[in-house]
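Two complexes come next, and they have one chain in common, subunit A, joined by subunit B in the first and subunit C in the second.
The block that comes next holds the complex of A and B.
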């Protein structure tokens, strides 16, 4: 009997009084504030501090406080033909790379849309490249591009190492080499988003179209594409932002060379901020210019996305 | 509280105070450990071995912290900026010394090195490049620790092959032997470039990061009589002089005999192409040659020979300086600074330097360098001892990193990318250098 009493649940009145005093509002703030404080320390503060630094000649290693120089950094950067060259190169890279990823990713999604025996395995295998570290990918593709013993030239038909192109040392091919690797790595990401979009299209739309004897092209143009477009645009948006920030793959493959041939804007920021130079102020200014451009491009995408959704 | 208890409490407090004071005394005077930062490579392991000997003799532990080369400068720079005392000493690159001195990171060792007679024990070139700042001032901030320079390795089996010897002599009218001039080196590189056999004449530095390309090109650049500056620190007309243009054209010409895929190559890639049998000759820092005489690593170890950098068209002979000096960081306590000086004094002794050389370190000690024991220790030591008498370096002022970047970029674009002409590449470099030096107040605007 005693044992039975000991196991009985305590009455509500026995709960500690202070627990009942925590209101929902207090509880929510207890959850929110640690996150907010963390965000302010590691995100908001560096954001504003780097904005301040962009107006100074600060060098992280110079052992002297930042000195205000107004818009000098922005003036120098925006009047430098080299910097505009790097922007143009990055834009070209983003356009070609994301374009190819969209086409290939969407194509793969269409191929894998219908389930077949082993489709799960095939999908998983295709997704592997995007799960790898870009630095590792860069390093092993560097070996594959080697004209003496790399497999890439052999696969594309250059079987004689003497006449095979040196992809990473040629100014006209180096950018394409990076694009090939980026497309190989990230097309699966576009495919994944497209697959989720395709699987959400109701079958009755196609059934109705088939009853109306709509051609396959008509079905693709009027049903598939509009239904997948919102997710496809999100994939394109993510990939464009990432392409503008291309860094690790470039460093792993070419280091920005030969010469300036693959000097993307992120590589230039790194080069200004570190690599013996440590021009922290100027690098911060360049990072802000890139930020403004990415926000502008993203806005265009988001407006288009909204139009697609509304339409 | 009873009287007995009060006495007991007083005794306990006294004992506690005595313990605390003893601990403080140990922390202030009894330095038990010295920490040295260096790059992650074999010589740092050798220094740890020597440090272990120091611990056995004095009881002071020497801890050599190794940082990968790619982030070595960044790690030190961040520590400098924070004025941190995590390290007592650093074996810093020769190019850092200007920054280390002007920004107050390095302790002035002039009186110590001179009064202890240490300055006289090392070769003048190493004292100048690793320790002195500004050049010619007679102020020293480091003990020359790891001497290094760019040297050459070659395949003796190829050079001594009777067929190769006969063919070479028939084609070039002179015997096939290690080159003494750059022109001879080019001919040999051309001779051994046989893509059908997977063999190429020469491996040269081309890396675009940091200072790889410059450290390779400089060997020709200086030997052609060119320089990065004149005695007034002027660069216009110096960096882009006709001799410099000729040297750059030569270096690009030489690159055509390099194994494919070496368009972004530095010391690791040089050893790789040699070990894999792709190159008949390679340039590399002497510090990376131990791998080439190790049969477990290099299948051609038994037949690998070494020679110093060749002469230019007018007989000038210079090689790029590598290596580092040991500096004491100014942010540590005076006690730790004294303990660091005691270590340097011990390390600089001739018998310790002889052991340093024996374990694989590249001593800068004159007597050890000239000793028969050192010269016969490895097949590359004679070439090293020779090279250390004609080394030359890039700028070592605090702006050296800024000066490196455009030089690396434009040299790489011309040599590897084939963009423009040598004159255009050097004109672009000199314009960038002029602007950086004007901004720094070294040149008038």
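The block that comes next holds the complex of A and C.
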């Protein structure tokens, strides 16, 4: 709009400006459509196709076309106590793991908030776990958790290999082992988001509080926390979605074992779809249930987030 | 999400009375020490991985774990070669030979002969091609879309943007099954092309959001002035906007690269051999009779180093980029 006014004689300018408008639109179409087409092919088509498959008894290795079986898959899944067990396991894992990451990540951000010599390097070093491939992380921690020659037990004080806990073989400890690794790997991510939130808090707020002789706790509760809350919630949202999708790390560490002790829901979908009987239809149905849950959870988060922003 | 100006780069010359007292200074020192300790503890696994990569097979599983040991390249040899077990007689024959290089000698010390390279170098090359090309595509396409969203009046822009982001919320397994069937039907299952398309799309959502945040911060007056001077929109984009958005491009590149480089689930389910990348292969580096931890550690270490180098080189962009541009408060 500005550029119309910028051209001095209005009459001759009308045509080029007009042409530029059209070319702008064409350009924006040209710029946007490749992205949208790719997203539609790779995301939207599969989404609908797997919705269709979830109502069939299709198996990817069987030589027969999908056969419509109505709600049978959903019926079986929702009435299976195993599946509910996997869901509650995944939920418990997400809750504990994301909770710990939030506390540790936020704490680290508070500590790193004021710069000291070398703090930039230290921050980047803390980020290294995040750069590793989750499956490699899982695999390597398997070595560290080994009761005989793993270093983890020695580090936490169990120096006798005979009495030391076998983290990955014990049904009660295996989940905690995965939580430990996940917290180690992703606390830095929460820290990074919190750091950028903290660095944006204007200094004068604290100065005003200091003049009023407000306690450190009061400053934290009334200034730091509300100001950093939006970014903290985004970090929690991303981590929660990821925790519900937990797959790589679990596959690397336990593969769902011992028994079914760490059979997260994603691992279950994978085993249904790609192992044993290749139950593609049922795996799709399960995937859909997970998707609905993730969308519901994200919506709750996003609403909270918007409330925090506005309030 | 409203776009607000970037925070001022941390200003640390505080004049606050409560921060220059001796007590505050001591506390500051204590804080630095605590942070350093935490960082060291967090790096123990990475350090352990580095040590393990240079251990011999018995050292890797020694009880109690060995911190001091004689370094060897055994792990790397196991990772990069395929070998066969020799009989006692063959070992003697081999020992006589003079045409053995250092790798052969290492293998021989374990009673093995190298028969050729393993498939790991090939997988690493696959990783490089797939991660590299898909990152370029997702940043390029993301930049174009982000520019459109940032500068033009697109009907339903908010909804479109949310749609683009929501594609990231799907668990990989939801997408994999249909993509697997689709790829198999059109014959791009287990190909570089298939994986490049997939990773490009998965990074696109992220790249559009991130880059839009950066582009929103570039004042549009620059381009408008250029266009008044006779540039076309496209010229203005290439000559004015592109150079200004290099920070954003760098940050986006790091994130896309880390994701594509480390991705496991899709690679596991959508590749078999030809296009298999390194992450699903590292777990399968198993030796005869037991896991070759040194080889696994060597593979993981070699795999981590490129990302660390890129991240360190671009670290200031990374720290800035993680706020997703638009969400900066």
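FYI, the second predicted complex is superposed on the first by the 289 of 311 C-alpha atoms of A that agree within 3 Å, B and C clash if a C-alpha of one lies under 4 Å from a C-alpha of the other, contacts with A are read in each partner's own complex, and residues count from 1 in each chain.
We adopt the following convention: a contact is a pair of C-beta atoms (placed from the backbone, for glycine too) under 8 Å apart; a residue touches a chain by one contact, two chains touch by 3 or more.
None of these values were measured; they are calculated from a predicted model.
Touch criterion met: A:169 reaches subunit B, while subunit C stays clear of it. In the superposed model, A:271 makes contact with subunit B only, not with subunit C.
In the overlay built on the shared chain, the residue A:161 is in contact with subunit B and with subunit C. In the superposition on chain A, A:62 makes contact with subunit B only, not with subunit C.
Applying the stated contact rule after C-alpha superposition, one finds that A:256 touches subunit B and leaves subunit C untouched.
Applying the stated contact rule after C-alpha superposition, one finds that A:280 touches subunit C and leaves subunit B untouched. When the shared chain is aligned, no partner comes close enough to touch A:105: not subunit B, not subunit C. In the superposition on chain A, A:298 contacts subunit C only, with no contact to subunit B. Once the two structures are overlaid, the count of subunit A residues touched is higher for C than for its counterpart among subunit B and subunit C.
Shared contact residues on subunit A (touching subunit B in one structure, subunit C in the other): 60, 146, 148-150, 161, 274. Within the complex formed with subunit C, the residues of subunit A that make contact are 2-3, 6-7, 20, 23-25, 27-28, 30-32, 34-36, 38-39, 41-43, 45-47, 49-50, 53, 60, 108, 111-112, 114-117, 119-120, 122-136, 139-141, 143-144, 146, 148-151, 154-155, 159, 161, 184, 188, 192-193, 195-197, 199-200, 203, 206-207, 210, 227, 230-231, 234, 241, 244-245, 247-248, 251-252, 266, 269-270, 273-274, 280, 283-284, 287-288, 290-291, 294-295, 298. Across the complex, subunit B meets subunit A through its residues 73-74, 77-78, 80-81, 83, 99, 103-105, 195-196, 198, 207-211, 259-261, 263-264, 278, 400-402, 404-405, 409-410, 412-414, 416-419. Contacts from subunit A toward subunit B in the complex involve residues 60-63, 145-150, 161-162, 164, 166, 168-171, 254-261, 263, 271, 274-279.
Residues of subunit C that touch subunit A in their complex: 7, 10-12, 14, 16-18, 28, 31-32, 34-36, 38-39, 42-46, 48-49, 52, 60-65, 141-142, 144-145, 147-149, 151-152, 154, 160, 163-164, 167, 169-182, 197-198, 200-201, 204-205, 208, 224, 227-228, 232-234, 258, 261-262, 264-265, 268-269, 279-280, 282-283, 291, 293, 296-297, 299-300, 303-304, 307-308, 311-312, 315, 318-320, 322-324, 327-329.
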